[in-house]
Every structure is written in structure tokens, then in C-alpha cells.
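Each chain carries a letter (A, B and C) given by its place in the written order, and its residues are counted from 1.
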Amino acid sequence: MPMRHPQLNEKGELRHLLTIEGLPRELIHRILDTAASFVGVSAREVKKVPLLRGKSVFNLFFENSTRTRTTFEIAAKRLSADVINLNINTSSTSKGESLLDTIDNLMAMHADMFVVRHAQSGAPYLIAQHIERMRGHAPHVNVINAGDGRHAHPTQGLLDMYTIRHFKGDFTQLTVAVVGDILHSRVARSDIHALTTLGVPEVRAIGPHTLLPGGLEELGLKVYTDMREGLRGVDAVIMLRLQNERMRGALLPSAQEYFKHYGLTEEKLALAAPDCIVMHPGPMNRGVEIESAVADGPQSVILDQVTFGIAVRMAVMSLLGQSQA
Amino acid sequence: MPMRHPQLNEKGELRHLLTIEGLPRELIHRILDTAASFVGVSAREVKKVPLLRGKSVFNLFFENSTRTRTTFEIAAKRLSADVINLNINTSSTSKGESLLDTIDNLMAMHADMFVVRHAQSGAPYLIAQHIERMRGHAPHVNVINAGDGRHAHPTQGLLDMYTIRHFKGDFTQLTVAVVGDILHSRVARSDIHALTTLGVPEVRAIGPHTLLPGGLEELGLKVYTDMREGLRGVDAVIMLRLQNERMRGALLPSAQEYFKHYGLTEEKLALAAPDCIVMHPGPMNRGVEIESAVADGPQSVILDQVTFGIAVRMAVMSLLGQSQA
Amino acid sequence: MPMRHPQLNEKGELRHLLTIEGLPRELIHRILDTAASFVGVSAREVKKVPLLRGKSVFNLFFENSTRTRTTFEIAAKRLSADVINLNINTSSTSKGESLLDTIDNLMAMHADMFVVRHAQSGAPYLIAQHIERMRGHAPHVNVINAGDGRHAHPTQGLLDMYTIRHFKGDFTQLTVAVVGDILHSRVARSDIHALTTLGVPEVRAIGPHTLLPGGLEELGLKVYTDMREGLRGVDAVIMLRLQNERMRGALLPSAQEYFKHYGLTEEKLALAAPDCIVMHPGPMNRGVEIESAVADGPQSVILDQVTFGIAVRMAVMSLLGQSQA
């Protein structure tokens, strides 16, 4: 990567949101503070502020995800932006146009923001670097990574941090566990970078050997293959979605077996701190990685995550909109 | 169904529109009166009123219908709402998320209104009941049934009533015939409930034995298998769309045969009252259930139905938007 | 065609934009002048003007084209219109509804403008003629042809003319070459009509025999099968996209062979005038009809075409919006 922080400008402001890795702690807090001011907007009668009025936000979804696309669409519309949805598997890339030709075209249409979802890790970086290379030749466009391969899902990481800060107040006294398929999870990666940046003293990774990547200890994490041991005393547990395709491969024996060892049940949750919160990025596989009694129980903050997710995305978009000016 | 009128609140105001069955006559008239005030809006230079400004309306189409989705999208946009279209066959339900988890998520995003189309009868009820159960825990969302299985299509029923009232003035002197595949038609069901509630003294059901459900007489209808006999003297005839798949099954011999017996021709229409109006919910199968000379003839009000349909949907949405406050 | 100029009203104003053939030269210049006033709008902080506020613009795409649909969607939204996208292969036409029934329905919903893309030549004409026949019976709707079969793509032709005028100032001293698959290209057809109408004294058609239609000389063009010869001294070269399916048929030997003879390289471009501009409607097949060094080189105005394309579409829409009043 030629540029060290392609997502920050010289003044340290956010020009793109590509990953949480390397984001300064103060900037993360600034995003969360800005999100706090937007939580109220979505609860109002008129859920709209004019911050992005007349801006063109493009949802570039090279990988289909109605759910994630919807959250960005709502966030942009509540900021009064014009939103254009492009599902690009059916688009001109199928006519053989390259990714960057597509980007050049949309820039020439005076796009203001690209929300990019792509199955390949690094695609949003590639786009942001291309935009930076064009500087001076084309109007600037802000890129938001809405999930790239196994790499990063920074707005999910930020909304998870918002949720933890909302319920726990302070990061510096916490023990947080991330449970499940850490190997393939861009959510896990973004959460781990956020938690360590924000000063969480103990971050635990829990999962079967086959779903734990190497190098977690080097990041300062404690690694557990025994979920009961790993949950002991934690203040927050972040469950990960188990992709069905993992079960068809050689990595896992069966959903039942997985649930027995790594499914979050009331019995296992009882080992955590009494006020431990339960998080999940959704969509949940009930009965696979989490039981319904927990998902719908008093310690679950899963729907709060969704609510805060809109505010966090509004915050990121509005901060990017300002940095551009 | 545990709640008797899940669509009305304690004050008798509309909280959801799920079915016409059980709607008080005055409420139907109130919806039609409100629609009358919107007919002018769509004919204006600027076809917009700010009644739903800043509200988030979700078109949740579990069954594809570009046509119906379009009418709701236009109605919502003319009320200045933000509209988000979700075709949910390709969405997270395909990732194994349950219907109600999807609903919970959208509620957590502070949705204001769900327009629900579903192949399964009762799905909009299920959603409305779930929302009522969450009362106090989550912001309220209004549900509009945009067609569920064979059960109901209440906005179609209401726009049909608007059309009849517009052309005939008064319901209490009329004879109205519903013709065709009544067995499988949610439109027929909604129209029949509306007509009887509004005091139409004679409602006739016309169709072949195989496409007439039992119990029509109990609803007060007169049943005819001979279309010529059934049309005699009627003031309005509501033709139903014949689904192609019926012809492939054992229920019907052929499209030609069907047309001969139950297709509306000029010759058969001459048996009705001279000022009888001809209605059809669309899309029409010309030459199957109706001949073009009638569909495009002077007694046809089929395109008026479409125009009034926008106004009726605006009326329902604006009344729901108010009841919520 | 019963009406000579179905796209102009009695005062010679644009009611529909169906083809460039037969458009008066002054009207083309008026569209380009109007576009010039919109170029600035897309570069502003707030890229919106209220000219089509409260109007309903329908993108009726019977043939899929995310790229073209996006340009019209952006143009309409920057004019503050409400935009409804309909991909009609998956819609009610699949339920057997005829094209004109679909149009009647959308007119009954008080549509203001149809942007029509269709695989069949003439479909937008059919729609415009139908609308004119309904005059007095239904509110008027303006039709814009967004590409019909091999026939016409008038907004592409207009944006190409805008680009030439922007870079060259005057049409009456120019030599312009159109290169490639002219036989199958609606873009070529629209460009050729525009260039001759605007008084370009020398228009050249360059391509292999198999991809050159008959009758070009009758239109006043010079025809070349040798690209080097044809490019000599030209002021602007319009490259055409080569559809991949041509290579699979008998019309062309291979992409490599095509590139060798008709691909635009720096070496071939050197034969043109030193300030010759290079144009392409996109999406490009790099290495087939154009090499990257030229596409991204100093003489390329391909991305300017995209930028001007938004302004030209805004101009057409706003002129149509006025003529209606």
C-alpha cells in the first residue's frame, strides 16, 4: 500500500473509511460522538437533516446484501442525499468494463460518495487509491467500505463500539469476547482493531481451532477453544454469524455439534459477568451460534446495534461530507 | 387471531390496513373521502404534499409485483416520504433469517410503515401482531397489506369502492357482479367484503363451478354459473384476472372455452344496465376474461381505477401516519 | 409513420425525444445551450435545481442497462423529480400484459416522463404515438428514447455533439470519423444524423465491410475500410463499442485481428490532426477497439462525454418539462 493512511487527509480528517486498523483513538471517539447526535434524528417525527442535500451517494454493491445496503440507504436519505443503488454483478462489469472504468464513469457524473461492498478484500482500497491518484483532475469522492471479502467491515466495527460505549460507558476496564468463525469474519477483524485501539485491556477470541486465524496473540488477544472458560467474567460478548458453507466443508462437523460447543446458551452466558451484554451483527442463525432465549433475552442488545448502526453510518457520511469541503 | 380488530386502535382509528373484513362502514367512507382530496394532488403541476415528509416507508415485497409496488412507491413519494424497496426473496431471508427477525431489524431502523406483499395468506397479520406485541418496546410501525396469498388485497378493494362511488354516487341501490376466478382471488374477497359492508343490496358472484368457493350464499351473495343470467341488469361488473396457471391445471378446459362462457364481450355486456361500468384490477388478459372492445370501450373505467388507486393509497398512508401520532 | 415529426409540437417545441433524424439544427443548438447552463449545477455543492419538483419520471427499461439508467436517474434527481425505476422484463409484461397496457396504466398514475430503453427498434415511437392518440383523454407524458434496438440513441448523439462543440467550437470546419461496428450501432446512427444536421462538412465511416451498412454514401458520408487512410487529418474520432457477440458470429475473425485493423492505437491516432479528440460512448473494450494508452491519453475526452451526458439529459428533461406546460 503506497499511502500509509489513505483514509486520512493531511489534517488527520477522514477522507475515506476503509478499515478501523490504524484509525486514531480520538477519531473513533469523534465518530461515536457525532453518531450520538444522530440517534435522536431517527426517533423524531421528521427523520431528516439537510447535511447532504444535493449530494449523490452511490451504493456500489458488487456483492449482494439487501440488509447492509438498506442501512446505508436509510442513513443517506435521512441526511437528505440523493441515493442511487447499483448492483454491479448485473451491470456493465458484465459487459467487460473494468472496476476502475466504472469508478471513472461515476466520478465523471460528479458522484460524492461511494459505499462499496465487494467480495474481494481490498477492492475499496483500490477505489480510494484510484480516486486519490486522480486528485486535481476530478472532483473528490469519499469511499466507505461496506464490507470487503474477509478483510474489514468498519461501520459494523464502529457501531459495535458505539453499542459497548452506550451500555458500558468506558472501554478501559472491560473484558470483551469475540466468539465463533473469526478466521473468515471481516466483522471480527474490525471489532478486534477497534477494541484494542480504544484501550480494552482484555480481548478474547473464542472458537474452534479450525476457525481461529494465526497471529491473534500477537494482536494482544487471549485465545480460547473452550467457550465456557473464555466467557468467564466477560462484560460483552460479540457472537459471529456462522456461514452455512463452513458446515458443508471440512472445517466443522455439523451445526448441532457447533451449537453444543460454541452456541451461546443461557447456561453458558451465566458464566459471564451478570450485566454482560450480548451482541450479534445479524442475520442470526438461531440454534446454531445463538439460542433464541439469549437472542431475545434481557442481556441482548442486538436490536440496539441495528438502531445505533443507522446513526453511526449517518455520522461517518456527514464527517466525510465535511472533510471534502 | 387473538385480537379482534388488530387494525384498529382503541379509538377506532386505523393502525394497520390488513383486510376490509370488519372495517366499519364509516371508516371506509372516511378513507374514500380522504382519497377524494388527493385525486387533485396527482393532477397538479407539483404532485407533492408534505404529509409524510421524513418518514421511512418500506415496500416489503416477498412476492414480486412491479405494478403494485409502483403504485405504493408513487403514493408514498407524492406524500414526500422516503421510500425503500426491498425484494426479499433475494435478501437475508435467503440467508436463513426469519420473517420476524427481518421485521425486528427494520423496526430497529425506525421504519414508519411497511407495505407488505406476500404469497402466504396472513403474513401481514403476523407482522402487525408482532408489532403490537412490541408496543412500548419499539416505535410503532403501520402495516399495509398489499396482497397476501388468496386472502385479501384491501387497497384494491378500496379503490374499487372509490370507483363505484365516483360513478354511481350511492351504494344502496346497486347490483354489482364479480366475475371469474373467485376461488383464488384476493381481490374478489376484498371487494365482496367492501360491497356488503357499504350496503350494496345485491352482490352477484359469476363463474364456473370449479372457480367458485363455498360459502358465498352465506355472505349474502347470489351465485351464477351462467354469465348471461348473472349480468342481467347489473350496475357495475368487476372482472377478475384469470391466472394462466389455472388453465394448465384441471380447473379449466382452455382459454378459448373460458372466454366463450365467462369472457366479457359487448354482446354479454348489453344484458347489463345501459350505464353499467366495467372494472378490472389489471393486468388484463385480453381475449381471455375480457375482449378489447369492452376493455377500451365507453363503459370501461379500468384506467380510472388506476388513477383512483394512487389517491386511495395516499389516503390510507396519510390516515395511518396520523393515527400513529 | 403517420405523423411526420411526432417529437415536435405545432410550435416546433420538443414534446418527445425519439431520434435526432429530422431535428432542426436550431433545436439541437438550443438543447446544447441549455445543457451548458446545467454543467455548472453538477459541480456545485448542492447539485439540485427545482425544475422538475413534484414530477414523476419513470425509467422504463425493457432492456437492462444499469449504466444508462443511472445517468437518467441522476439527471432527473438533480432536477428534483421523483424517479421510479421499472425493469420490465420481470414485471407485468411477463404476466402477459401488453406494452401499451403498461403505458396506459402508468399514464393513469399521472406519469410525467417516460425514459424508454427497448431491444426493439421503434418501441419509443410506438409509445409516443399512443400518447399522442390519447391527447385530451389523458394527461400528456413526454417520452425520451434511451436506446431502441439498432435504431437510435439520441441523448448519446446529443452529448457527443456537446463534447465536439465544447472542444472544437464550430461544426462547420470539421472532419469527424466514426469507427467500428456501424452496422449494429444506434450510437453511430444518432451521431451521423447529428453531425450532418449540424453542418459538419466531412463525416467519415470507418470499419470492415461486414460491419458497414449500405446507404452511407447517400447520407453524404465517406466510407473507408482502411482505418489509417480514414483517420488522416480528422478533428474528432468517435470509436464504437464492439459487441462481443459479433466476434462469436461469422462477421469477424477474432478480437486480436479486429484490434490490429480497427483498434485505435497511438500510432494510428498520430495520422489524425494533432489536436484530434478521441471519443467513445462506453463501456470500452480495452485492447479490442481502443488501446489503453489512447483511452487514458491526453487526446481522450471520454470522461468529459460522461460529465456532459448528465447535463445534456438534464437539458432534454427540462425542455420537455416546459413544453408540456
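Throughout what follows, a contact is a pair of C-beta atoms (placed from the backbone, for glycine too) under 8 Å apart; a residue touches a chain by one contact, two chains touch by 3 or more.
Computed from a predicted model, the values in this text were never measured in an experiment.
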Query raised in the report: Between 0 and 180 degrees, and as a multiple of 5, what angle does the rotation take that fits subunit A onto subunit C by Cα atoms?
Result: 120
Requested in this report: Count the residue numbers both subunit A and subunit B use at their shared interface, divide by all numbers used there, and answer same if that is over half, different if under half.
Outcome: different
**Report entry** Distance between the centres, which are taken as Cα means, of subunit B and subunit A, whole angstrom
**Finding:** 41
Report summary line: Residue ranges of subunit B touching at least 2 other chains are none
Query raised in the report: For subunit B, which residues are in contact with subunit A within the complex?
Result: 53-56, 82, 84, 86-88, 90-92, 95-98, 101, 104-110, 138-139, 325
Query raised in the report: In the complex formed with subunit A, which residues of subunit C make contact?
Result: 42-48, 64, 66-67, 70-71, 73-74, 77-78, 244, 282-286, 303-304, 306-307, 309-310
